[in-house]
Amino acid sequence: MMLFDSVIAAACLGAAAMALFARDRIAAVAAFLVMGLLVALSWLRLGAPDVALAEAAIGAGLTGALLLRSARRVPKASAKALPPAQWLGAALLSLAVSGAILWTALIVETAAIYPALVNEALPESGVENPVTAVLLNFRAWDTLLEIAVLFAALAVIAVVKPVHPRIAPLGPMMLPFARVVLPLTIFLAGHLLWQGGHAPGGAFQAGAILAGGAIALGLSGMVRPIRWGRAALAGLAILGLGAFVVAALAAELLTGALLGYPAGAAKAWILAIESALTLSIAATLLLLFIGPAERH
Amino acid sequence: MTALLHSAGLVLMIAGTAFLAVAALGVWRLPDLLSRLHVLTKADTAGVALIALGAACLAQSFTATLSLLLCTLLVALSGATTGHLIARDHLDFASSQEDSP
Amino acid sequence: MSDISLIVLLPLLAAVLTAALPRQAAAIGTLATGLNAFLAANLGRQILHSGTVTEAIGDWTAPLGITFDANGLASVMLAMAAIVGLAVSLQAAAGPARAGFWPLWMATLGALNGLFLSSDLFNIYVAFEILGLAAVGLTALAGTRASLRAAFDYLTAGLVGSLLVLLGIALSYSVTGRVDMEAVAMLTQSDTGRIALALIAAGLVVKAALFPLHFWMPGAHSSAAPAASALLSALVVKGALYLVLRLSLEGGAGTEFLRNTLAVLGAGGMLWGAWNALRAERLKLLVAHSTVAQIGLIALAIGVAGNPLETGLWQAAALLMLSHALAKAAMFLAVGRIAEALGHDRISGLNREELRPGPAEFAFAIAAISLVGLPPTAGFIGKWFLIEGLIDKGGIHWIALILLGTALSAAYLSRVVSRCLRGGPHVSATARRPPWRTGDVAALGLATGALLLGLAAALPISLLETPFA
Amino acid sequence: MISDFAFLISGAGLICLALFRLATSADLLMRVLGLNVLAIGIAMVLLVSARGAEGTDAVPQAFTLTGIVVLVGVTAALLALAERVAEARDE
Amino acid sequence: MSFFLPLAILMTSLGVAPVILMMPDSARRLRTGVNLAAASLKVALVAWLSYEVAHGTSFDLRHSIAQGLELHLQADALSVLFLALSSILWLLTTIYAVGYLEGGTDRSRFFGFFSLCVASTVGIAMAGNLFTFLVFFELLTLATWPLVVHRGTSEAHRAGRIYLAYTLGGGLALTLGTIWLYALAGEVAFEPRGVLGDIPETSPLALTAIFVLLIAGVGVKAALVPLHGWLPLSMVAPAPVSALLHAVAVVKAGAFGIMRIVYDVYGVETVQALGLAAPLAALAALTILWGSFRALTQDDLKKRLAYSTVSQVSYITLGVALISPVAAIGGLAHLVHQGIMKITLFLAAGNFAEGEGVKTVRAMDGMGKRMPGAMLAFTVGALGMIGIPPLAGFVSKWYLGAGGLDAGQPMVIALLAGSSLLNAAYFLPILYRGWFCAPPEGVTPGRRLGWMLAIPPATTATLVLAAGLLASAPFSPLGWTRFIVSLEYL
């Protein structure tokens, strides 16, 4: 297996190099997509299936879609040749930093304190999958702030209001593809959401897949260009943060501790929050792609 | 029985990998876009299907086989559609080049 | 419902509400800011009464879960954010309604409150991201080409800063196996730990716009809308400075190297900012460069404070932060009003014929007094303790630098204030005085607050002296 | 454990490439790509050091997941700004 | 009761300032009413305070900023002297300013900052410790700067910039000295015998350095020689400003600061032990001579008076630096006498400019016939300055000379005689032109000055006469200084 891992690691590095130093911008984005998938594979090899799912769905999928959408609209900056001193300085700086990181990560082997704590606290967390337990119970406050980050990103884009052309349908063939893919994504998202409790999965991955399905729907032109939907989607997107905050306050009312779920019902609370999050993340990610405010 | 399935699985996996190798060679050697597309869609779909089948044999669990089947279906579907879309776009782009200069 | 959870969650809830109901956004926003100010005051009183208040979120204790610890320093910062926020909300509510301001401002306030209270490095990183994004939104609010370009550079620099912090946290995890504040003390023991700390500090230096990594800040703060630039300069930059101070507090003797670099960078920032402010043509650019200089001074104060476990000198830095926040917010609000009345903000064009100096110029002058650090402002009290501590430690060269910085700030601020006192031949007989607006009230309120804070300095100082849990 | 070494090298390499590209390129899109690669590099370093005896520690996984979601939000904002800057330049 | 009176005195000008600043320019009647009411109320309160202090009741008002740092206002004998001077002269100058600025622009801003200045002089007078003194000292800088640039001309702004540079520089030196002293000696309150006497371990070098910093900081406002550049330039300000501020409030604050530092911070013995008394006296002497020489060559009337102020203020510093009770009495008395004499001269000069448009000495011919009242006041002030008995100037110079002998410094007599001669040299020509030369033909008679411009100089002239003639009375400035010095030395 050592060979397989080193091949993937080398492939990631190669794809990254191509993405960063490619002449043509579409080639760069394509290389970035390939790198995203390879990185998802390496998360898998590093024993982090939840993260691999998220990386594939969000890191490679959605970020790739965003980059492709913007690739043509952001022109190539005038490549003024930088003085060689700056190239050298930049090279030295980056080598020094990464060398230090390598040296630090290599020589140090102290056992992390978290696995013991997680295993000991897992039974009371109401879920078996430790990652979901950490995300939605032990460090639920991190996740709440993370949803706030998505909210802030949406608010920034609403203020900046880039002009997105209406999503032109890609062609007749896209329609049957979307007809098959969409129900599949809805089914998959539900499965992942439910499976999050005891196996890799959860709100983020389910939300991303739903968003992917919706984008495929949009590209197929099956639904009239989604104009009426924006307000509803924006409402849905904002709802996530609102629901999470209300849940946090409600939990505090019941148990006296912020985000402290009542003893027996932890699983129910987590599932409720996760389903609200899935819908809101799907709506947010879709709006990040198509832009929350219609600007002609 | 399991030994037979095991060896069949291995054989299928090797065949699948061979297909993918051919696809990679094709992309590298063939001159223009359309022929590359041709090789890619064909070999990819076949290669992935074979590997999935081999993995199903090795895995011997029903749920694994079901999800592998789902993967094959999706890869085939999306591979074909993407190939078609790229080809259409290429042809539109090519035709617009001809009548414009 | 404990104060802490309300302080942290209320702004986020208000953000959602203001986004959902754009027409009532101003009302909801001002109400939320008022409530937040009340909660901050209540928390401050509670801390004064019974010392530091800690609260584990979801009852999961420190390393696994995240704990809020509201110590004296945190409550002073919360009060700072609340006061400045109240004034800016007043001006924004009365001024021209800019769509999108309120959700961004509420998100900034929520992120700041979370950042000041949290004592977990990763949680601080996520709060930083919200702060960075919301601040970029505020910068881009102005919609001009310059503000968009500045917003992009701001977000890129902000993201690089955050990623450096994340890298530091990742290394801190691999070195000490944990990411809460206790890890900082452990990091100082080993070389590899110091590399992690250095990376975190580098990220914070970028986020705090400390010299020489401050290039993105003047453009962003000067091109943003007045209310937004007041928030950016007074509050957002303070988040990173507060964290640098926390690192120095948690690290104790081990972070000596960090403090020395801070002192040197601070001194450089002070001189570089002052020099640019002297040359600035536009009023907003001058105020933005004066922010670079003042951040330099605060960093210098943190740097020379020495090991916080022995000397209380770091309190001078906290006091300087508080007084700078109030004065700078008042100044940016005043500049916004001046630019609105004059139609431009070129310093040379300040003495316009048909316009007599109005209340906004008066607010600018008062804010300038506390920025220069003349008595009876809190800035003066901060400098007083700083220099007194330095005399005990024997840092003569630092004292000379601080005095030079004060003289320079007096120089570049008097450039503008002397034009605010125009009269005689420069003003025609029929000149009228710009009418009073709530913007002026907010600016004047904040400026006089900063001026009189020196007299009431006993309150923040006693808060700062409450022992850490 | 040897296989983790490969990923560590790759992570450090990603960080090095990304930092170099960020320092030398003025192209807005390249900067966005660089930032994404930098974030992925950091996640790789984090997850490698999360590899314990009995499997990967769940807490850094949660961190990486949060990091990915945060990254997509910031990237979307960056690209929106980049487009508006480009559009404003044409005016 | 003990905190109410100082607070009330402070608030009559500090509280009034924002009210006036906020008033629209057109509210002339309201503004004048508020101003005059506040000024007369202050004079009454100060009279009541001096009566109480004379009978030994103590007043203090404390507000603690932080541990070891507090704002402390107290009313001891020395502070009452300066309080009386500034409050009485503020009332008179306000009346004069209302008349002088008739029809001018930005009057609310003027009177707002005007009362802020007096508030800071009150604060300086009543400061109980070095920190409070520093706070009000810097507030004085900020309050006087807008008055110097009040006319708004570019020349006024240039003078303002120079003024700000000098005073802020001095402020920084004073701040550094104060903080250094606080770091060494903890809370530095003003005690009659001085605080530093009993701090053995601090090195004399540090104390000397601090002394130099403090004196430099206060010296800028006391216009000691190298630091006096701003005074002649700020004569560009309107007459009431140069009258009250640059002859009374600001310059006296500097001199008062030197007094506090020598008497109440270091204590007379420590200053002598450190050997700082002699150089200070020498600097004062140098300033006296330098000011008089420069005054000789000035053709502009106000600039000549400005240079004469530079030299006269150093009499006070000389009195303080000559470590002897008699000299101290001379110096303290001169603080008041010089104030009333110099304000008479400036108000009269203001009338000449307003009435006849006469700003230079050459144009003073026949002023006695054209404006007899103002010329008479000017003459009384000038003769007082030269030191002709029985006017106030003579009294303080007499004591200064006696003090010089008492301190074993016979040189002082020669210095006083020489400087009196110089005073005569630059004042008498003006008087000669005024009374004995015929007014130039064809000069049109200027406008009649209202009572507001005529009464104040006349009043201060009579004060000069009274201070001279009734010097021995207990409530007179001289009597009060004897009472102060008795606390200081015995």
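Think of it as A, B, C, D and E in the order they're written, each chain with its own count starting at 1.
The definition used in the following text is that contacts are C-beta pairs under 8 Å (C-beta built on N, C-alpha and C of every residue); 3 or more make two chains touch, one makes a residue touch a chain.
This one's a predicted model, so the numbers in the text were calculated from it and none came from an experiment.
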Smallest number of contact steps required from chain C to reach chain D: 1
Joint neighbours of chain E and chain A, given as chain labels: C
Most widely separated chain from chain A, with each centre as the mean of CA atoms: E
Innermost chain, where centres are averages of C-alpha coordinates: C
Farthest-lying chain, centroid of Cα atoms versus that of chain C: B
Chain pair showing more contacts of the two, A-D and C-E: A-D
Centre-of-Cα separation between chain E and chain C, whole angstrom: 42
Euclidean distance of C-alpha centroids - chain B vs chain E, Å: 98
Separation of chain A from chain C, taking each centre as the mean of its C-alpha atoms, in whole Å: 31
Distance from chain D to chain B - Cα centre to Cα centre, in angstrom: 30
Where chain D touches two or more other chains, by residue: 15, 28, 45, 49-50, 59-60, 63, 66, 70, 73-74, 77, 81-82, 84, 89
Contact pairs between chains, per stated definition: A-B, A-C, A-D, C-D, C-E
Complex interface listing, chain A residues touching chain C: 97, 100-101, 103-105, 107-108, 110-114, 117-118, 121, 137-142, 144-146, 148-149, 151-153, 155-156, 158-160, 234-235, 238-239, 241-242, 245-246, 248-249, 251-253, 255, 257-261
For the chain D and chain A complex, residues of the former touching the latter: 2-21, 23-30, 32-34, 36-37, 40, 43-45, 47-52, 54-66, 68-77, 79-84, 86-87, 89
Residues of chain D that touch chain C when the two form their complex: 15, 22, 28, 31, 35, 38-39, 42, 45-46, 49-50, 59-60, 63, 66-67, 70, 73-74, 77-78, 81-82, 84-85, 88-89, 91
Chain B partner contacts - residues on chain A that touch it in the complex: 170-171, 173-174, 177, 180-181, 184
Sites on chain C touched by chain E in the complex: 356, 362, 369, 374-376, 381, 384-385, 387-388, 391-392, 399, 403, 406-407, 410, 414, 418, 421-427, 429, 454-455, 457-458, 461
